[in-house]
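Quick one: this structure, given as structure tokens, is what I'll be asking you about.
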Amino acid sequence: MFARLLALAASGVVIFLLLPLVVITGASFTTTEYVTFPPQGFTLRWYEALLARADFLAALRTSVILGVLAAASAAAIGIPAAIGLRHAGLPGRALLRGIAMAPLTLPTIVTAVALLQFYYAIDLDAPLGGLLIGHTLIVVPYCIRTVGAAFERLDPALSEAAESLGAGPWRIHLRVTLPAVLPSILAALAFMFVTSFDQVTLSVFLAGPDVVPLPVRLYTYIEFAIDPMLAAASASLVVLAMLVVVLCQRLLRLDRGLFAGAE
Amino acid sequence: MRHLPLAPLLVFYGCFLLAPGLALAVLSLRPFSPTLVVGEGWTGANYLTALADPFYLGLLAGTIFLGVAVTLVTLLLGYPLALATVRAGPRLKSFLLVVALSPLLINLVVRSYAWIVLLGDHGLINAWLRAMSLPAVPLDANMAAVGIGLAHVTLPLMVLSLVAVMERIDPRLLEAAASLGAGEWRILARVHVHLAMPGIATGSLLVFCTAISAFITPRLLGGNRISTISTVIYEKFTFSLNWPLGAALAMVLLGLTLVVTALHDRLFRAR
Amino acid sequence: MRGALLNVEGLRVAYGAVTALDGVSLALGSGEFVALLGPSGCGKTSLLRAVAGFVHPAAGRILLNGADIAAVPPRGRNIGIVYQSYALFPHMSAAENVRFGLDSRGVPRAAAHARVAEALAMVGLETLAARRPHQLSGGQQQRVALARALVIAPDLLLLDEPLAALDKQLRVQMQTELRALQRRLGITTVFVTHDREEAFSMADRVAVLRDGRICQIDTPERLFAGPVDAWVAEFIGAGNVLAIPAEPEPGVAIAWPAGRGLAFIPHDRIALAPAETGPRITARRFLGLGVELHVQTRTGILRAVLSAAAPFAIGDAVRVTVATADCRILPPG
């Protein structure tokens, strides 16, 4: 009785979770002019229509550039920070950890308006630069957390063994510790790219007329029309996100596999 | 010297987190000027408006109510799913975890779009209801639509928090309770919920904070009819250009988030 | 010890207020294999890490080949280390792991290649050179770690519980192999362990550590026959340690020594004879080559090891006899 009710309830929740995903993907193949589910017939014309839209492709390009730059900048800032926070004897370590995670605890809309009025006050008129700063700010805690956790899992005997074998500090970092956490660094990069690519709230506030990331383009398009082309765009984004997630999982499993073997 | 690797991060945060934050706080204390956007001098009027004006007080109450409602709904939906997940075999378990995380795969705009398609007056749910000759339910651009959308957005946070804690509950404790003659419902209510409390608390905190500060979902699913603090902040910064009041509202939202987080830490971290 | 390869003199190591090593002196001759044996927290690992250079002593000297190495960083000490976790570099193959130390020393490519092949062959892993650590079994990983430590031709080999992660059967096999390899190479070795059987079956000499001091250091045979105090006798399981009773007990003919302290009686120096009354047998453990019997006397349980044919069962009354020469007095320790 209990087990059955539980299974029933869980099934209901599973349907609730998957419903939008299924409806959107299905609706993108409909031959009708309006969105409907189950789809009527099967066509790829909405995907063709999507590929013919220069504004969507430009927005996609902007999002990809922004995501790559944000992930790279966050890694450049976050990896040294993760290395610095490793040292147990670091004065004020707990406080510094809290500060490092601060952008995660702030509501995104507050970060967005804070940056918006700040750029206005300092007269920063570079939408891509402004977006890049905001996106970097939002993703850098993920880098510190993921890479920091990989460093925590790292056997301290690893760098000692390297040292006893004659390696200097730079060689230890470049040949031993960093390569050992490389899968986690790659996973962090992929995750940061997706997070940046998905970010809407911040981008809605900071986008300029000529610099429009894809989610903002979708956002403005929805206010004006709802048609199956948007479903096609949505389904494409879902597939892209899934690919990145699978990649992340592989990398992280690889990382854990390496250490499961060493332990 | 040992802090050197942290220098880039601290400089970056100083320039683009601390400085904008302080500037926002300063802005919230400036008077509004219809011609200049930001006037000269200092005033507390924006906070007085944000916290005492009946419209904004109602807005604050409505946003908190929305946050509480979404938290309760996700708890009600998340608990059975999390329980089923930890009790499942390895294959079903990874399937359920992927499903629980699947909303995170979909862009917020896309998710909102899907719910517009499903919930609107001419949406699919009402079309399906009509096809079954059932009465239509009003889900177009109202609080219920926003709540459903937000529940979908935040459910992964709740399920993950619950699963993380439930995984650590020693099954022998539940077996012991069963051996003492307790039925499954009684074990759930008296033992399991109690043991899962840290997960319930963390999940509720995450969901509540996300729900009260969400912007895209209320904006798209609420149409122009539903206002939350976030949508009003957006209006103050884009349409009415009353930046000082918008800044004060943002500070109130930040304060609310920090108070709830501190309360959670006080109640649950100490244990 | 004059002409010793490793000389540790009055070494003191402290972590904050906690003293890990309190005036330890130790000398190893060339080619010697010494085990550091003690319970956890006794300082054996601190001693190893101080010799390796990862811990800075508060006082005392460490001489390697007669030279003080206090100012030499770990990378310059030419000491090979094998860790309990093996500490293999997870992103490198077995061969790359072994080559790491040669690369760090700037050994030319061709020479390094030959030496890596030789080292891997030495531990019997030439066919698995391309495997990553997680593709190797625990025993194979242990061999890679050993090859990596030996390929640099170190002056000294330090082994930090290298076999603790292996299961019992493999551990015994590796003990034999490791010792044979060490003998063949003639490399001076310090071996840290908390397993007494391992220490006694492998080492030339065993140093027993307790609370940051070396209680006793000697060959396994002499340690067993003559523990310096009651604590060492009990820790290494050399024999019975009993309080000397105030008055004689019927059926117990032990030639108790005179003086203050505890009496030490080796397990195999106790004669038991069937009797009508007297102390009784409370437990019997079959050991394969012999049998261990527990005899309940008033001063405590006496454990005697007899030939497996000994005709005693639980509950039997016995007469206990120990000769004067087999019962010594020991300080409590």
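By letter and in written order, the chains are A, B and C; residue numbering begins at 1 in each of them.
Convention: a contact is a pair of C-beta atoms (placed from the backbone, for glycine too) under 8 Å apart; a residue touches a chain by one contact, two chains touch by 3 or more.
Given the structure is predicted, the values throughout are model-derived calculations rather than measurements.
Q: If I average the CA coordinates per chain, which chain comes out farthest from chain A?
A: Most distant chain from chain A: C.
Q: Looking at every pair of chains, which two share the most C-beta contact pairs?
A: A-B
Q: Express in whole angstrom the distance between the two chain centres, defined as the mean CA positions of chain A and chain C.
A: 52
Q: Take the average of all CA coordinates in chain A, do the same for chain B, and state the distance between these two points in whole angstrom.
A: One centre to the other, that is 19 Å.
Q: Taking each chain's centre as the mean of its CA atoms, how far is chain B from chain C in angstrom?
A: 59
Q: Where on chain A is chain B touching in the complex?
A: Result: residues 1-2, 6-7, 9-10, 13-14, 16-21, 23-24, 27, 35-37, 76-78, 80-81, 83-85, 87, 89-91, 96, 99-100, 102-103, 105-111, 113-118, 121, 133-134, 136-137, 140, 144, 198, 200-201, 204-205, 215, 218-219, 222, 226, 230-231, 233-234, 237-238, 241-242, 245 of chain A touch chain B.
Q: What does chain B use to touch chain A in their complex?
A: Listed in rising order, the residues are 2-6, 8-10, 12-13, 16-17, 19-21, 23-24, 27, 77-78, 80-81, 83-85, 87, 96, 99-100, 102-103, 105-118, 124, 127, 152, 155, 183-185, 188, 209, 212-213, 215-216, 220, 230, 233-234, 237, 243, 246-247, 250-251, 253-254, 257-258, 261.
Q: Within their complex, state which residues of chain A touch chain C.
A: Residue positions touching the partner: 155, 157-158, 160-168, 171, 175-176, 179-180, 182, 257-263.
Q: Which of the residues in chain C end up touching chain A in this complex?
A: Contacts found on chain C: 52-54, 73-77, 79-81, 83, 85-92, 100-101, 104-105, 132-136, 141, 148, 152.
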